[in-house]
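For reference, chains read A, B and C in written order, and residue numbers begin at 1 within each chain.
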Amino acid sequence: MRRVPWLPIITIAIMLIMAVFAPLISPHDPIEQTLRDKLLPPVWMDGGEAKYLLGTDAFGRDILSRLIHGARVSLMVAGLALVAGGGVGLSIGILAGYMGGWVENVLMRLVDAAFTFPAILFALLLAVTLGQGLGTLVIAISLLLWASFARVIRGEVLTLKQRDFVSLAKVRGCSTVRIMAAHILPNVMNTFMVLVTLNIGVVIIAEASLSFLGAGIPPPTPTWGLMVSEGRASIADAWWVAVIPGLAITFLVLSVNLLGDWLRDQLDPRLRQL
Amino acid sequence: MGRFIVRRLLQGVVLLVLVTAIVFVLGRMTGSPVDLMLPEDATAEDRERLIRTLNLDGPVHTQFLTFVGNALHGDFGTSIRMRQPTLDVFMSRLPNTLAIIPWALLFAMSVGIPLGVVAAINRGRFLDRASGTVAVLGIATPSFWLGIVLIFIFAVELRWLPSGRMGGPEHYILPVITLGTFLTAGFMRLTRSSMLDVMESEYVKLARIKGLSETVVIWKHCLRNALIPVLTLWGVFVGNLITGAIVTETVFAWPGVGRLTYEAVIYRDFPLLQAVIILKAVLILSVNLVVDILYAYVDPRIRYS
Amino acid sequence: MTSDTILEVRDLATHFHLRRGIVKAVDGVSFSLKRGEVLGLVGESGCGKSLTALSIMRLLPKGGARTVRGEVLLDGEDLVKKSPREMRALRGTKISMILQDPQTSLNPVFTIGNQLSEALLRRGPASAAQLLKDGIAALRRVEIAAPESRIGQYPHQMSGGMKQRVVGAIAMAGAPQVLIADEPTTALDVTIQLQYLKLLKRLQAETGMAILFITHDFGVVARLCDRVAVMYAGRIIEVGPVEQVFERPAHPYTKALIASVPKMTGRQGRLTTIEGQPPSLLDLPVGCRFAQRCGEVFERCHESYPQIRNTGRNHTAACWRLDAHA
């Protein structure tokens, strides 16, 4: 039994607190510009002030506050995308696995297509055509997820539908929809949760990358990806503007992955195959 | 094996049509793309004229067929910003991207595969855990941020390497590392699990029965078989590299098709974006096809059947 | 140990140390193999035969298996005490093994020639041309037709029987003194089985190597072996020359095994089977391990494990019933 991964747990907890209580704990308004105080270094370096613990960016905005609010945006988008993409993938997986026949064929071909073709490009296309915003971003990231969810869930359902309780339900006259919803669905939830944990990191990085490329939530809303992008210009004089948000992303994804691995080892080492 | 190739080709074509259709529909979904293409002070007449010129006044399927027809003749539309045929722009930038992709792949393999073998041999022990953590770090670090940090350390502070743009060999180092790092983790994990499977095989037992040294058993008998599943994912990996190049090329101002994609997004150059996506699809599908053929060749069981 | 004994196993025990307990898969096995003889090791699945072979070769599977006591004397040297490097030097040269399933024994991505060369090189360095010649000769020796064309082929291009011959060629390439054959014919077609046994017999006569032939099939034993050892639940319960064990089996288990072999000639009576299951190796009974299924059981059987008794020339068995006769 591996040691409990305390560092990842604490990191995730901190990020969650930041996300939930952002307005309460943020020392400054994240959008407010104070050009007089621009490009101040973090408090532990020369020229840093206690007022701005992690320094300020080119517009004089407090980085710590932006980091805290950015956590809220990132985690919210991640959560929504996981629910949407995961939900779609789950449904398609159950449908394809249980119905079989041409339904399965068509759906699985779609899944294959989705796998072959990188969804980031579609995400960018959506940003251009539908316009930037929370909705577009969530849809775009969901596109990345649904196929892998669908494929794994369908595999699960294929084995499940051989089991006795399914035959029993059929004998009792349950409709197909009812079987899928009431019998199959609860039994794939385990796998579904595993898939969710596996994909949190992917989603966070995707959101950050899309924000970096200018296809995410438009400014002035602070997101970590956008902060790195904006900090790029001042990298020579004020490295902290770009580096700190990136560190946050890295730590969060690292923690999520390590925690996810540990959880899976605890619940069922077999699931590691996924 | 010929039949195999033909089947894969057909699948590729179907996929391509599907992708083109989706891109097409998405473009037409939010009103006419004409609105994206016109300058702000255009009059209603200008709009009408543009619509007619671009054949956008017919029903969607006619438009689609026109587009496909044009595409087959090499006309993928004209970039709004650059005022050049998109195909030409794409093809002029493509070699630059193709210049770094093989290096990134090589980098990822030469770091990831040995890490995976070491992890498999030392399963459950420190080296396994350590390799795993290195791998996760590779995935957790966003490539755009990694590129920026590398630029800061090596170009700004140490001044050892240039901070971007194409040039001599020293210009390749940082972009290749940035692009390849994400993939390193993938190779490492795959090699590790593949090796663990193979190490249980009967023929590995027989190799030991023959009295072969452990080095030969692992690096000849195990790895050769373990690499076969890795090869199947090459297609996916190269696909990842092509999309990963979007970010890397942007960070390093590398004039490839990745940067082109970014420019198309930033400047809302829809015809260019449309063309870039479809052409990239062609590229990725071609790579997948080549990988599948290679795989069939490398596994003797398929080659001689 | 006499000079004509090439392999002597004394009180060999290999246990699996698992979380739920200790599985005593091989629990005190002793037998000797003379130069040039074929000793059969018979028993049902799970009795520990294969693990005995792996213990001799010092190639225990991963997952808690350890040889906890005993000696394995190959030409006087104790293999249990050898270092991995010393053991590796012996494998393929003095002692070799044939595995059960020809479909999985050969590496699918290398040619037959390549895999044969590895074994041939154990004899000493050789040029590629020499290896090719020797390889073809080795294939011819195991009666593979058109060896020149086969040597460049891949395993999947051959039938199961042919693959198993190749495995035999590989095993013998280093001219071993002892060959362990772990159920080599079990996975083959019945018609091919006979051919393979004849081949083994011929090769054995030519080279004078000793063979430890592991099988669950008593019929095969009758064809090939000089002596036979019967194994049950981790221990040898009867050893003796083949004709004696067949005609006058001493242990009730042996009797039952022989009775269950379908007769190919004469009237077939009802097929007899042995009722019940072998005991769990995690939780072995105190007395004789066959007691629960034995038709001749009496109280003493449950009290303590039977001591080994003589029942004929070089014929021994572990059964309390033999005390009554002695």
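Keep this in mind: a contact is a pair of C-beta atoms (placed from the backbone, for glycine too) under 8 Å apart; a residue touches a chain by one contact, two chains touch by 3 or more.
No experiment lies behind these values; they were computed from the predicted model shown.
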Chain ID, smallest distance between chain and overall C-alpha centroids: B
Greatest separation from subunit A - chain, by CA centre: C
Comparison of B-C and A-B by number of C-beta pairs in contact, larger one: A-B
Euclidean distance of C-alpha centroids - subunit A vs subunit C, Å: 57
Computed distance of Cα centres, subunit C from subunit B, in Å: 53
Between subunit B and subunit A, distance of the C-alpha-averaged centres to the nearest whole Å: 21
Residue ranges of subunit B touching subunit A (in the complex, touch as defined): 15, 18-19, 22-23, 26-27, 29-30, 33, 36, 136-137, 139-145, 148-149, 151-152, 156, 193, 235-236, 239-240, 242-243, 246-247, 250-251, 261-262, 264-266, 268, 270, 273-274, 276-277, 280-281, 284-285, 288
In the complex, subunit A residues that touch subunit B: 113, 115-118, 120-122, 124-131, 201, 205, 208-209, 212-215, 225, 228-229, 231-232, 235-236, 239, 242-243, 245-246, 249-251, 253-254, 257-258, 261, 273
Contact footprint of subunit B on subunit C as seen in their complex: 57, 59, 88-93, 96-97, 99, 101, 104-110, 118-119, 122, 154, 156-157, 167, 170-171, 174
Residue ranges of subunit B touching subunit C (in the complex, touch as defined): 201-203, 205-213, 216, 221, 224-225, 228, 299-301, 304-305
